[in-house]
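Only one structure is covered here, and it is reproduced in the block below.
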Amino acid sequence: MSIKKEFLKGLVEKNPVMVLGIGLCPALAVTTSVSNALWMMIATTFVLTCSNVLVSLVKDYIPSHIRIPVFITIIAAFVTVVEITLKAYQPEVYTSLGIFIPLIVVNCIILGRAEEFASRNGVFISIIDALGMGIGFGLTLTILAFFRETLGANKLFGYTLIPGFKPAGMMAIAPGAFITLGLMLWAMNRIMVSRKHKK
Amino acid sequence: MKDIIKPAAVLAAVTFCASLLLATVFAVTKERIAFLDSEAEKNALAIVLPGYSITGTAKTKDNKIYWVGEKTENGETINGFAFISESPGYSGTIRCMIGVDSNMNILGISILKQTETPGLGARSVEIASKNTFWDVITGSAVDEGIQFPWFQQQFAGLNGNKTVQVVKNGDWTPEMASDLVSQNAVSAITGATITSKAVVDCIHKGISEYNDIIKNSNK
Amino acid sequence: MFNPSFKGGVHPPENKKLTEERSIENLSVPHTCFVPVQQHIGKPAIPVVQVGDYVQVGQLIAKADGFISSNIHASIPGKIASITNGPTPASASGLRIQIETHGNFASEKTPDKIEWDKLPPKDLLEKVFDAGIAGMGGASFPTHVKLSPPSNVKIDVLIINAAECEPYLTVDDALIKRSYKEIIEGIMITRTILGVKNVIIGVESNKKRSYKTIKEYLKKIGEKNIKIPMLKTKYPQGAEKQLIYSLTHRTVPSGGLPMEVGTVVQNIGTCFAIQQAVCYGTPLFERLVTVSGSLINKPGNYKIRIGTTIADIIRECGGLKEQPHKIVMGGPMCGQAVETTDIPIVKGTSGLLFLSKEESSAGRYANCIRCGRCVQACPINLLPFEIAANIEISRPECTERFSPLDCIQCGACSFICPSRRPVSHFVKVAQDYIRSKR
Amino acid sequence: MEIKLFITILFSTIFINNYVLSQTLGICPFLGVSKKTDSAAGMGFAVIFVMTLASVITYFIYKYILIPFSITYLRTIAFILVIASIVQLVEMAINKLSPSLYRALGIFLPLITTNCAVLGVAVLNVDSGFITKEFGLLMTIVQGFGAGVGFLLALMLMSGIRERLETADIPFNLRGMPISFIIAGLLSLAFLGFAGMSF
Amino acid sequence: MDQQIYTLSLAPHTKNRQNLPVVMWLVVLSLLPSTVFAVYTFGMHVLLVILTAIFSACAAEYLFRLLLKRELTIFNGSAAITGLLLAMNLPPMVPLWIPAVGSVFGIIIAKELFGGLGHNIFNPALVGRAFLMASWPALMTTKWITFPNGTMFSSSFNAYSVLPQPALDALTGATPLAALKNVPALANSFNVHSQYNIYQTLFDISNFKALAIGNIGGCIGETSALLLLTGALLLLFTRIINWRIPFSYIATFALLIFAYYKLTGFFMPYHALVYHLLSGGLILGAFFMATDMVTSPVTGKGMLVFGAGCGLLTFAIRIWGGYPEGVSYSILLMNAAVPLIDKYCVPKIFGKRKQA
């Protein structure tokens, strides 16, 4: 019961992008294509899980006033692991995600979960939390990327969707990202409100 | 005293462990990354200096690297040169590798880095697959073989001493090629004139920068 | 083109044509008068008559209560019928002294003119006080208070307000045309009381005939210290601070009085009343009122006894063409709409307008489109639309940074608004909120 | 000639490739601190200061420590620790030297650590190859400063608009975050006018 | 006794005759001459473009308000003006879905989401145009009409037949501003080593005539300087627009353009100045779009600052930018700054003492 709850909360009720409003920079920047969004999800979830595990393991040995630098160091290490690995085995993903791979370090989701959850809970439940949060983050990115790739480039996974349709190029660049996310948040708010009314 | 030493020690230990981990990962992947880099360079050089064998690199006065290649044609050895140049595009810098012969005729270009709008400026490096998403998921996709972006292809054969003109004729087709070469022009990517011009600028910049060096090295 | 003026302001349709050419007529004396005891700013006067007493015209019926207050005199001869509460311009239920006509008018003889220039200023001021004169422009500030500035204040200019910037109203214009000599004399008396030399009369450029009349008369009598520049026709040219600025380029500080910049402003009607009071001892019991608007049958400038009800005036002016949408006391820009026709005329009533729906209704208002016209129009340089926007969404606490208290309620912003928003009303709400909090 | 280059870099980082509006970096503080113009100005100036300082320090670290020892893969971890300590030190220094400045900027300084635009500018300095170029130090300074100014500009525009919208009749579910994204999108659409500018 | 109760309300009891619908219809009226002229010169397709834009703008506003159960404001005419202004900023031969999509985006994203008329920050018509520019730049920059027998270029080009045919085609196929921007490149690539000839051709007196009258390539509503100025006079005369914004916009722009050409040693600075002033959307922008009440400052000082900012940005984009024309982007950018301008250009309150 509790495991299910901890996992699901990251998807909906505490969705990092849609509800907590964190991790926005990658959400806006890398969602030009669904495959970018999925790779971002994998990279972030990996870092999140690893850092959550390590933080919950060492939490008792760290003096509380230096915990933030320690957490950052741990996170930065895992980010670099991801960076190097992608560079070696997925060079195309490495180029298209670009600067946003090192910037996973400053994604507030990761530091936030380390601080708020992993440093207070056991290893197993921390993994569940990380997976839930990572997938919740990734899911939002994927939906956003779906709209942006289909409308902005008439493509899905790099392949043309409807021949002859002229895509709105704006969706593929920054303004499209902002506006689409804004409209998604609006839709989300409406759904949440009508749900509350039903309850 | 203990208040300082313990945290410092913990922090040092964590940093040390992290560095150790990274060093290991780096050591494992080092060769592969180096291989990928050289491969990328080789590929680019093969495009911009087609048929030339690379004889080595040289440096300009301000430490910029350029490549020298040669090939034998009709019993004569011809030199080719390749260099890298940059110019601001629609969003962010565009980096190109440009190959020229000693008369500054462009042999080929390769865009190494760009962050242009997908679907518009980014088409300068994209090869549009004729297969649609539905073809792919229904398994009816056709293998199209290795292709080269038409935008970059147009530059081969242009005269680098003269200004390369950007014309808006709609997207490039092979039929347009001879006409464009006679005008010393390239056809802009539809809707991405800024990107197209930026690439041309990039080439002009590079050629003017290396013009003297290459002429001198020829003598 | 380059007539002196102030920044901002609006040009409402003048509508003065209705009454401009009408000379002053006496309205027949009504059968009953209701004289309110509060006709001025300050404390209400205290009645000094009993029900059943008989009074003569001009007899004191209520005495000023303190310094900032005014005497009230009987406007018709007769019997005090009642002293009860009823509707007055100042409030829906204020104390009114009802006089019913009784006796004759024969006793109303014009006394001989006294030679005022032999009297000391203090006696002159006494006469003004006795006559119960309060500003005739609309605000009704007791005149004797204005004329006795504290000794540490140096007054160097007397400004006479004949701008009459409100649409419809033509009383000042008509008065100048008829009694310019008396007015100039009144100005001289006022000047003597204040002990200043320089006088500036402000007349708007749309009253060319009055302007000429005064100018020529001044030339004739060789008076050099009374100047009369022609002001640009613009509302609210007659607002005190704006008038001072237009004529002297002095800026009365926010929340301050004209005397802080060495000026005193008197309405031209007040000057006439002062002359009457000082020279003939006539107290203020009647005044000039412009009765106008598209729905009254006989518009004109009438001399009306104070205390005459609107109902009587309607009857005397030939009745109404149809039921008016609004009855306004004062000018259309900052006058007051009244609910019933039982309300009497008071010392400060300069106009009485019977307006049709087309003339006066704003209809429903729309969103603010930020055209900035209220900002351009505001003579105080406020941002009225910001105050209105905050009031509209019930955030009066956010209006304080826009200083609504500086607003003079001229109504220019509401007038000019293309979205028909009651901007000045919103500003009033903000003012009330901030005042109530202090 | 060099001056022109610096102007180009400065102009490009402020307008053409504005960190917030076209590269979608630093979105969290951009949305978080843009409710009031006063705090937006405070945050903006703090970011300019920290970005310029971080650019300089990471330049030296990268050029004189990471490159000579061939440990450039430690870039992310080194930069984030440096930035975190700079922020900490600056906070302490300002507190000591000028309490009035501290009152104005102090509360924003801790927020800057997680501002991905700061790490972003350090990483981009490396990525654009400034480190090895002639006048590299000046270029990094100009880029760091320009990025900060661009951030301040975007933040000020945003906060002005949001202050004005306080009285606007925005659909209820759209208030707050969603409309802010829409505004950001429209701002970024307007900034497209600078695209392709060159001198 | 009269028992009638009369309407009570606060002063004032009279109202300005110029209310919202009057304002809106006067704006439409002032745009009418150039609209009619555009239909006359560019053909009936333009009429369809204009009608599509207006219809979809109104429909978008109506449906959005209907769906969100908000007060229907469709009759105040502002949506129609948005549609009309958008259409005037489009090339004549765009496919009809372009104005439709642009209007819908402009109205919904830039206006209705912010709460409708009066609350929007950005000019909806310009947002619509910027959206179309970012999304379908190809359609937005190639669908011009050229006049084979019109005044622009043809007669003057005959006099300078040194130019090769492709250069002529390149010049006449573009808008006046694009042609101006292309001169150096053209000169280089067609071996006309001096740019002198091309500039002289462009700055021929017959071209200035064409620019003033409007038989020239360009967006639907921007070509005829004279008719636009006629409409602008009507608006200035009825005090719907304030002189400050157009004045400071055009003055700043003219000053900068002139200074630029003079300082760079250009040989025909006066001609270049006039050419810049008459061509492109400068007049349309300065009088009809920058002056949009909702999205421009409210204070006099603010208006001057706003206009100057627009002028500076237009100058920068035209001279250094990636696009030949910069009017719509500069107005859009300055729209974003309006709240700040309003905040810092508050007039001094009359008689307010300085805070001690």
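We just call them A, B, C, D and E in the order they show up, numbering each chain from 1.
Following the convention adopted for this analysis, a residue touches a chain if its C-beta (ideal position, glycine included) is under 8 Å from a C-beta of that chain, and two chains touch if they have at least 3 such contacts.
None of these values were measured; they are calculated from a predicted model.
Trainee: Can you tell me which chain lies farthest from chain E, using the average of the Cα atoms as each chain's centre?
Mentor: C
Trainee: Can you identify the chain nearest the overall CA centroid, using each chain's own CA centroid?
Mentor: E
Trainee: Using C-alpha centroids, which chain lies at the maximum separation from chain D?
Mentor: C
Trainee: Just curious, how far off is chain D from chain A if you go by their C-alpha centres, in Å?
Mentor: The answer is 22 Å.
Trainee: Which integer distance in Å separates the CA centroid of chain A from that of chain B?
Mentor: Chain A and chain B have C-alpha centres separated by 31 Å.
Trainee: In whole angstrom, how far does the Cα centroid of chain B sit from the Cα centroid of chain C?
Mentor: Going by mean C-alpha positions, chain B sits 84 Å from chain C.
Trainee: Tell me, which residues of chain E touch at least two other chains?
Mentor: As it turns out, chain E has residues touching two or more other chains at 109, 116, 119, 131, 134, 136-137, 139, 322.
Trainee: Among the residues of chain C, which ones contact at least 2 other chains?
Mentor: Each of 367 in chain C touches at least two other chains.
Trainee: Can you list the chain A residues in contact with two or more other chains?
Mentor: Counting only residues that touch two or more other chains, chain A contributes 69, 73, 76-77, 80, 84, 98, 167, 169-170, 173, 175, 179.
Trainee: Strictly by the criterion at the top, what is the full list of touching chain pairs?
Mentor: Pairs of chains that touch one another: A-B, A-D, A-E, B-D, B-E, C-D, C-E, D-E.
Trainee: Given the complex with chain A, which residues does chain E contribute to the contact?
Mentor: Residue list for chain E touching chain A: 101, 109, 131, 134-137, 139.
Trainee: Under the stated contact criterion, what part of chain E meets chain B in this complex?
Mentor: 136-139, 141-142, 166, 170, 185-186, 188-189, 322
Trainee: Taking the complex as given, what residues does chain E use to touch chain C?
Mentor: Residues 1-20, 22-23, 73, 76, 116-119, 242, 293-294, 296-300, 303, 346-353 of chain E touch chain C in their complex.
Trainee: In their shared complex, at which residues does chain D touch chain C?
Mentor: On the chain D side, the touching residues are 166-167, 169.
Trainee: Would you tell me which residues of chain A are touching chain E in their complex?
Mentor: Touch list, chain A to chain E: 166-171, 173, 175, 179.
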